[in-house]
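Below, each structure is written out as structure tokens.
Shared chain: chain A. Partners: chain B in the first complex, chain C in the second.
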Partner chain A sequence: MIQALFYKEWVKLKWTVLFGFAFGLCSVLYIWSELAFVFRESGAVAIWDAVLHQGFMYYVSFRYFPLLMGLALALFQMIPEVQHKRIKLVMHLPAHHLRVLFSHTLIGTMLLLGVFFVVSALLLGISAIYFPYEIVVSVLQTIIPWLLAGWSIYLIVSFAVVEPKWNRRIAYVLIGLASVYLNYLYTRTGMYLHSLPLLLAVTLAYLPAMLFTGSRFKKGVQG
Partner chain B sequence: MKMKISKILLIAVSIVPLAWFLPDFYDVLFKDSVRPPYVVYSAVSQDFYFFRSGKKGLTDREGNRYTEQQSDSLLPLFYYRQLYSQGKMPDTVRGVEIRPKMFKVSNYTVRLKSKDLDGPQIPLQPLFESVLRRGKLSFPHDVFRINKRMEFLDCASNQVNEKKSEAFTRALNEAGFQYPAARIYGNPSARKAYDWGYFVIDSSEKLFHVRMRNGLPLVKAVKLPEGVKKVARVQVTEQSSRRYYALVLSEAGNVYYLRSKSYQWVQFPIPPIDVYHENISISGNPLYQTIRIVGKGRVKAYAVTKDFKLENEYSEELPVWENSGKGRVKQYLFPFELSAFRAGSTFVNFHLKNFSWQAVFVNMLFSLLIVFWGRKRKQPANKLMLSFAVCLVAGVYGFVGAAVFQD
Partner chain C sequence: MERILECRNLTHHYGERLIYENLNFSVEKGKILGLLGKNGTGKTTTINILTGYLQPTSGECLVFGQSSHSLTPEIKARIGFLIEGHIQYDFMNIFQIEKFYSQFYPNWKREPYFELMSKLKISPKQKIQTMSCGQRSQVALGLILAQDPEFMVLDDFSMGLDPGYRRLFIEYLQEYAKAENKTIFTTSHIIQDMERLIDDCLIMDYNRVLVQSPVSELLGSFRQFTFSSAEPVDALKSDERFYSLEEHQGKKVCYSFLSEPEVKSIFESRGIHSENLEVSSLSLEDAFIGLTGKY
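For the complex of A and B:
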């Protein structure tokens, strides 16, 4: 059952996932080429000094990639489902409808985190060519809030799309954006280190949100 | 049941950003920041004078205002440039002969902000060659870390320089260093006249002075002042007088200078400060050091002579915005707020603060409002209980959350 669902979702989402992956890959390659350029132009010492003491973030253009990816995946996954109320079919499969809905969220999350993992690993990999592990670790500490923001926006937009009423949808998205905005309040290397558990907890709290709007949909709340 | 859990989680998680944005929005609209006065000390009258925001010119303790000419003659050591350019600078101040060169040597300012005690920092530092080449400092080609040993990493190749690492590790070992380094203090910039290296706290809270001279390590274990168990902060000064290596704040809040060459401690004759909540700045001139401490709703100032005798002090309570009308209203509106920073740190550290019992009235109001609204929409009583409780605890945040995420 779950395997079949996964196949259905993969057929629907493969282009989004591949395109997102390609976009992430391009942005990392762009960061790499820029880094290689500044190393050639200014020399290693100046760049190390800039990264260590002047807060230079050579990877800052990575900031909104997770957000865009999460948004795109949520829209391409859930809009086809609510168009013509196709999701009703999903709810009448021989399994509990909440379980089926939750599986959609989990499958999307798996695909999203898969892309995040590969692209982030590439970014850390190119960092490790030029910099010691202290700097690579600081890059990881800095991008985790952005990745969590991408995951959150995926979950928020998914459950908002399934919501039948428009005014509710807008309210959900506004509150969701406010919560994601907390991940972007400050951009300085490693600043969020001590807040990562809270940001993760906030993201995880959105994980079952689909059950809330899904059951409103099932109950037939009119839009 | 599952749906109920997801609903409770959604309400809970919506409180987090609301507790940040709503109080913040209130502050943006209504908060007036209280600017502390800038306190200066007159060597002539031996008293403190003030520059206050919103008031033009210099004032004294009683609030009398002084003209520019009066200020110049009251504060010759502050306005010396102006006085020299007009040829009005007195030859002696308080019986001490003043020469223009003295300002170049003696004038300095050190500012220590409490929030800089802790913060995100990548633990790699450049160690400068302290013997100047052609009269200036040059940025080294490597950076160091002190974990299991002291290691130098070459920037261009990203590889450890074994020979240099071994030499410095040996020097640290001989000085009795306990690895790893807990904190490293220094000024990693080539824009200074000379370099006094780094002060390193080891894992047993002992202090070490690490420098490089002619490519060779120069390490010295520095005995802490009597009674100091933990150092809160070291500011390597690198002033033009070369009189002191560093300004040191102990965890208990005492302020010391470490004399250069002799490694002797001199303590400022002032009461201990709260290193987590008070900012301190020290400015020196040929005769005095003026210490200004701002924090915890108070400005304090001390005038200390060059031989570290307290000559005069001043303390003033600042108006606290929280006690003003708009500040009080805020306490009634919001039961708590989400804050991003803790005292003594520049890490983002989300936590709830400003818990206010006065908000209980507004919370009650929101609780009743959501119940009436729910009854109108014919919601069952057990579901309303949840909304009621949420509003009672989380006030306006809970109300918005519960209203948006009701069934």
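For the complex of A and C:
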């Protein structure tokens, strides 16, 4: 089942994923070119000092990439499913409808985290060219909340789109935005180090929400 | 005879609005049942209930003996479902969509699907969303034929189709259903199409069922009576044996399941002197209008 659903989702989402990957790649290349320029112009000592003592985030343009990617993936994945109530087609497949819906969430998550992994690895790889291991680790600690925000917004928008009632959709998105805002509250390097398990737990809590809104659709709740 | 679909005492409300109360009907194996009704009489509601996408306020709907709201995957595999407007995954082409669905059905038959697709004038990689409504209907029908279900639910199959595609759809479906002893539950706004396709009909009006019978029986017993009369015939309006009493081109028209002598006898007992009483047999569309009225 999951293989067939993955095939359908890949046909639907390949351009979104590839475009998102290209966008992420461009933002990393931009960071690289800027970093190379500043190193050439100001020298390594000044940059290291700025990063270590003044909290300079040379990768700040990466900040909203996960959020935009998560939002785009959720919209491009779920809107075609709810348009004309097309979601009835997957719910009618010979499998439990909740398993089918959850598989959609897992497939979307897999594609999203796949893009995040590659783009983040490139960012960290570029960082490793210019900075010592400790700074690279602090970059990772700083971008993880942003990545979790992207994953959260993907899950929130996905289950909100499947929800049949507009007022609830809006409420879910507002609550979701408030929760995602927490991931952007602090802008200094490594500030979320001790909160990462909590942020991860909040994100994981959104994972089964699709089962709730999907069940409401199946019951025939009117929009 | 085995009952494939059985709805017992179905009642449904949307908020305060009653759609219908204690609706009972069944479909026997090998039969094609058409659900007819004006807009708002509950056709889509019924389809949604029997495909499991709406929980009725009360009552139950059984498909292959299982509640339609909790069908097992094995039962779902035996039911083909055509969504109103021939909705499918229109971001796919005909090969991609066949590849997707074929992985779910062990008895998948790709030959009838590709036979139907070979008749469409489309390029192999053309996405379904760029096809005409008629072509999309053939894709949706082909997928159902490939699934080879025992029971098919077709929601407004003629929607958006031109006469040629409607005829093609009906002929293909009818031939297939009769040859393979398939059971079909269907709705359509175009009653001429239904007349060609269905064995039995269920005619709904607001909050109630007007008729459930084989089409041949309905058309054999339901007649139009046209007559002239100087007397007012308002008294017939409250008589439940007469339907849709109206005046047309100076003549009075009513419909009834009664025979001509019975109608004459009622007229006489009510002091109505009818002249030139004409009795006409009806098409299914005329019978539908006669039963439900024009408004």
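Going forward, the second predicted complex is superposed on the first by the 223 of 223 C-alpha atoms of A that agree within 3 Å, B and C clash if a C-alpha of one lies under 4 Å from a C-alpha of the other, contacts with A are read in each partner's own complex, and residues count from 1 in each chain.
Just so it is clear, a residue touches a chain if its C-beta (ideal position, glycine included) is under 8 Å from a C-beta of that chain, and two chains touch if they have at least 3 such contacts.
Note that the structure is predicted; figures quoted are calculated from it, not measured.
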First, second, both or neither for A:H194, with chain B first and chain C second: first
First, second, both or neither for A:A22, with chain B first and chain C second: neither
First, second, both or neither for A:K8, with chain B first and chain C second: second
Partner chain in contact with A:L98 - chain B first, chain C second, else both or neither: first
Touched partner set for A:Y130, first chain B, second chain C, both or neither: first
Touched partner set for A:I175, first chain B, second chain C, both or neither: first
First (chain B), second (chain C), both or neither touched by A:S138: first
First, second, both or neither for A:A205, with chain B first and chain C second: first
Greater residue coverage of chain A in the superposed arrangement, chain B or chain C: B
Common ground on chain A, meaning residues reached by chain C in one complex and by chain B in the other: none
Touching residues on chain C, where the partner in the complex is chain A: 14, 48-49, 51-55, 69, 73-74, 76-77, 79, 81, 83, 85, 87-89, 91-92, 96, 99-100, 103-105
Complex contact set, residues of chain B against chain A: 2-3, 5-7, 9-10, 12-14, 16-18, 20-21, 120-126, 139-141, 143, 145, 153, 155-156, 158, 188-189, 340, 346-350, 400-401, 404-405, 407
Partner chain B, residues of chain A touching it in the complex: 43-49, 51-53, 98, 129-132, 134-135, 138, 141, 168, 171-172, 175, 178-179, 181-182, 185-186, 188-195, 198, 202, 205-206, 208-212, 215-216
Residues on chain A engaged by chain C in the complex (per definition of touch): 1, 3-4, 7-8, 11-12, 80, 84-86, 88-89, 91-96, 217-220, 222
